[in-house]
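Listed below are the structures to be examined.
Next, two complexes with chain A in common: one pairs it with chain B, the other with chain C.
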Partner chain A sequence: MSEAKVFKPRFNPAKPAFGLLVFLLYLFLLAPLLIVFVVSFAANQYLSFPPEGFTLKWYGMLPQEGTFMEGMKVSLIVAVIVTLIVLALGVPAALALDRFEFKAKAAVQSFFLSPLLIPSIVLALGMVLLFGPLKLTNTYAGIVIGHVAITIPFVIRTTLMSLATTDTSCEAAARILGAGSWTVFRRVTLPIIQPGVIAGGVIAFIVSFDEAVISLFVAESGLPTLPVQVLRYVENSADAAVAALSVILILISLAVVVVVERVMGLRKALR
Partner chain B sequence: MTESKLSIVDLTKRYAAGLEPAVDRLNMEVEEGHLVALLGPSGCGKTTTLRMVAGLMDPTAGSIVVDGKEITHTPVNKRGMGMVFQSYALFPHMNVEQNVAFGLEMRQVPKAQQKARVAAALDMVQLGHLGKRQTKELSGGQQQRIALARALVVEPTLLLLDEPLSNLDAKLRETMRTEIRSIQQRTRATTLFVTHDQDEALDMADRIAVMNGGLIEQFGSPTEVYERPRTHFVANFIGQANFLDARVGAETGRANLAGESYYRVEVEGLGQFGAVGSAGLAGTTHELVIRPHRLGVSLAPGPGPAPLAGTIERVSYTGDALAVAVRVGEKLLQAQMPTISGDLPRVGDAAYLSWAPEDAYLLPAPGAVAERLAA
Partner chain C sequence: MTLLEAPAAPERPRAKNEGQLERATERRNRRTYLALLLPGLLGLLVSFVFPLAYMVRMSFNQGSPDGVIVETFTLDTYIQPLTDPYYWKVTLDTFQMGVTVGVLCVLVSYPVALFLARSTSKYRGLLIAIAIAPLLTSAVVRTYGWMVILGTNGLVNSSLTGLGLIDTPLKLTNNMAGVTIGLVEIFMPYAILAMISGFGRLSPQLEEAAGSLGASKFKVFTRVTLPLCLPGLLTAFLLVFVLSISTFITPRLLGGGSVQVLATEIYDQTTGLLNWPFAAALSVILLVLFGLIIAVYQRLTRKIGG
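And now, the complex of A and B:
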């Protein structure tokens, strides 16, 4: 060829259009958070928008608001216990689902994932009816059982995802080298599926901490969790202390995710 | 007879009732220090056999005896074996040293001794300098060597290799073949080696068990299974072969000390030839095996005893050899000749085939074909 062809990048209108679309999507997702953030610093007397002046008094109110502190305590205790229990149940369940062939495997699998499909209000109603005679209403046990039920699908899903990509011959190799079943699990299987387990645990913690419907039905009067306290508070008063609390909660969730991401690589776990 | 290191007695594995067994009453004796290849096509039961010896799978029936002790129901972690997997199966969350040390740790070997043995094992596979590396950073060949070091460092009762080379590229495979063999000979580790690659088996093994449909078709040294295949399957699976149905005529003399005889045989459509086979075959029908490279090809009728005249139907040139398919009557015979500088034979050329009687071997076990002819 006599003429060398020079490739000129042409203006591609799809590129900025795509950028705009992504921006709008993020805006859509984050707008409520942004508004809560702004309102939490606003001097308005009631929860409203736009802000009229800047104040930190809502944040100052939080430590004095006993119901929030009490609710926070209950929610944290519940979330920690739920996370531990759900990992102790979900990881072995996922292992069994992945490694063994048994009758009704599909049924068991759908059973474990079913809480995701059932509206939580239905679950909550059922639990109240069941827990009443068992004297479990208004107890930690009642809330924990409810939360374990709705968080176990997450742990099983993330663990199964990790298991699907692992090479079972690693476990066989460890057994041949002399490791018993428990040692194989602790030294080989668990470290390999760790990202999925941790991701499941983090999600379970956040979901439990955030859960309102079941907590409301099961333990509204005796053992209100933080979301329940927030609901009650908004019913009675309409100031922006709730917004300030929300910002704190968002920051806590964010901190958990960031720490786990830094330490373990959550992104890898969720892929 | 010397005591075998490993005896497999009537070992059977049936995955489900009603299914054909994956391994069917398999018997095998392995001598101390030998490398035995389990060779066969996929689905022949070789991997199942290996996994049963390892303890990763329970046999349906039969027994496995190592050093005179029955281990059929010994749990896998108490068998003291070493295994190398096709996927290497290195622990991804441990570095090279930790991987190799794992078996020693399980045996509660003191730390200082662990260190020395790990170092020695890594030196043996020439990777002493990579101890602190993560396994992910290493090439396939290096990972394979780590896996070998990890299996050998515990001084296993048996070394089990499950297609260890099939994930490597062709060049590396040959290097690793030599290396595994030399390490195996140095350590005198009795080894079972599963492969579907006949070259690997011929090159590395002291004994080859050729498997088919859950059975051992033949167990013997590489030369035995190549030169004296017992069945059609063995002759066909190991190397290439021409098969001709032959009516065995009179015995014409003793061929060798192994008690084999020369025979006159008649092949329908080709004529009468000399062949060799085990004693007492006269008057029967058997399959005749001739390896392509033992078939002499000349492009002009030579002075020899009545060569077969045919026409070249296909020529394939691979650099160091020339494979030709020669049509003689209804038969198409595969032959191989060294390449020559100058004109290569072309399709349509006349070719003359001949062979020495000792290169035409009568398969002792009547194949399905012979049975059909006899009927």
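And now, the complex of A and C:
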């Protein structure tokens, strides 16, 4: 009796049911991104369902939308400068945190990661308060400084992760063989930490490029970034024109995801 | 005698040199790591510490409706939100939203995380990446997507009216329901990430063992699987809770002005009312709430990790 029970191949209805549930939850998770794709190709004049035919006109309209193009320019300039700055600030700091021993090391490391623990609305308010009297509101400098705080933790984290998985013997060997500090860094350390630097750099880029709250507070009136323009547009009219733009933003994010997944794994980098 | 002493003679200066060398290396090391740390520390000082410190100072100033800030040291900015029933309501609404979003988000993320933690498929890495990739997409875009789905002419309402199930469109945007749905989805990747890391002790062998000892499927889940998952579920809940109470974009867009939480209130106090000290005080209050929960969260994660 019991033997038969063990050997009888049982159909377990729980398994496909669980599979279906997970599939539906994935669908829920990706729903807003998928729907934006559908809407961006729909010929409906106003936002409605079901889609009435296929069109590329929303994409064709984008270059003529002055506010979007201007916002895109501002966001790209900011994101590129932010990426370069946080790499220049974060990579050396990560190097110091991993390769040297000093007091308060744990505290310094927590400090570098702490901006992620502060709500961005609070940071944004502090920035607009401080930047106002300094005439930094509505300037590139103001937005860039604002974004440095929230992107530096990612660079530190990914670089530290690359450093942690390697040992120092290669560097010691290079030094014994007579290489100077700079040569050791350039020829030995940098290749080792390259995945972390690349992952940190592209994450910093996309976080800055997509950041809306700090940009809104610091430069809403004078130098709106693309997310701020989209935010304003969506607030007033939820039509399909912004869907095409959203698809482009999603594709940029997707490119970043692919790069991070390739060089060090998304889960490791975003932990 | 002299022969014996001879080798000893260079011994002393060498030892002295070694000490000097060590100290010199230490000094050079110190200079190196300070030089490496300094740019980053300065960067954070300017972009992070100064703004926060200035905001805390500002919260003790006196604001006025015309945007003029009176430099003083008062607690009025704190007394008002802490005594005015309106701000109590906003704070309570914020808390309630955090709890609702946290609970729902954990409920919908748990099956996905459980599936990913157990999966032995060769596509597991890809499936994990898909689950957390939305983290790197713009919150504005995802909120817009939800407006398209939930709006009056959106996917849900068009489908339901098309099927003849409802006559008048459901009100799913410009209210807390819409904000909650949007936030649950937006924070799912965070929850899944926290859960996968928190399910470390979950192993199929334990479940199989319980099953072969005669426990029913349901019993295996409630007595073995769920208890092992509990730490991960709790950290995911706290994480989503803190993210929810401080989020701005989604309540702003999906709430359409009729959902007031601390974050939207801070924004309105600055752009609309120009009451900077008051906005600063609200931010400090939010920060304190946030800090308390983060402290609990970190203590929990350390416990789970250790």
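Assume the second predicted complex is superposed on the first by the 221 of 271 C-alpha atoms of A that agree within 3 Å, B and C clash if a C-alpha of one lies under 4 Å from a C-alpha of the other, contacts with A are read in each partner's own complex, and residues count from 1 in each chain.
The rule is simple: a contact is a pair of C-beta atoms (placed from the backbone, for glycine too) under 8 Å apart; a residue touches a chain by one contact, two chains touch by 3 or more.
Keep in mind the model is a prediction, meaning the values are calculated, not measured.
Chemist: Which holds for A:A174: it touches chain B only (first), chain C only (second), both, or neither?
Modeler: first
Chemist: Output check: A:V259 vs chain B and chain C. Expected answer is one of first, second, both, neither. What do you get?
Modeler: neither
Chemist: Contact-wise, after the overlay, does A:I85 reach chain B, chain C, both or neither (first, second, both, neither)?
Modeler: After superposing on A, A:I85 lies in contact with chain C but is clear of chain B.
Chemist: Based on the superposed arrangement, let me know which partner A:A43 touches: chain B (first), chain C (second), both, or neither?
Modeler: Neither: A:A43 stays clear of chain B and chain C.
Chemist: Who does A:L116 touch here: chain B (first), chain C (second), both, or neither?
Modeler: A:L116 contacts neither chain B nor chain C.
Chemist: Who wins on chain A residues touched, chain B or chain C?
Modeler: Counting contacted residues of chain A, the larger count belongs to C.
Chemist: In the overlaid three-chain picture, which partner chain does A:V188 touch, first (chain B) or second (chain C), both, or neither?
Modeler: So A:V188 only meets chain B here.
Chemist: Which residues form the common part of the chain A surface touched by chain B and by chain C?
Modeler: In chain A, nothing is touched by chain B and also by chain C.
Chemist: Can you name the residues of chain A that touch chain C in the complex?
Modeler: Touch list, chain A to chain C: 14, 18, 21-22, 25-26, 28-33, 35-36, 39, 46-50, 85-86, 88-90, 92-93, 95-97, 99-100, 102, 108, 111-112, 114-115, 117-123, 125-131, 145-149, 152, 156, 181, 203, 206-207, 210, 212-213, 216-217, 220, 227, 230-231, 234-235, 238, 242-243, 246, 249-250, 253-254, 256-257, 260-261, 265-267, 270-271.
Chemist: Mind listing the chain C positions that touch chain A in their complex?
Modeler: Interface residues on chain C, with respect to chain A: 29-30, 32-37, 39-41, 43-44, 46-48, 50-55, 58, 108-109, 111-112, 115, 125, 128-149, 151, 153-155, 158-159, 162, 182, 185, 188-189, 193, 196-197, 217, 246-249, 252-253, 263, 266-267, 270-271, 276, 279-280, 283, 286-287, 290, 294.
Chemist: Tell me, which parts of chain B touch chain A in their complex?
Modeler: 54-56, 76-83, 85-87, 89-93, 102-103, 106-107, 147, 150, 154, 160
Chemist: Can you tell me which positions in chain A touch chain B when the two form their complex?
Modeler: 167, 169-170, 172-180, 183, 187-188, 191-192, 194
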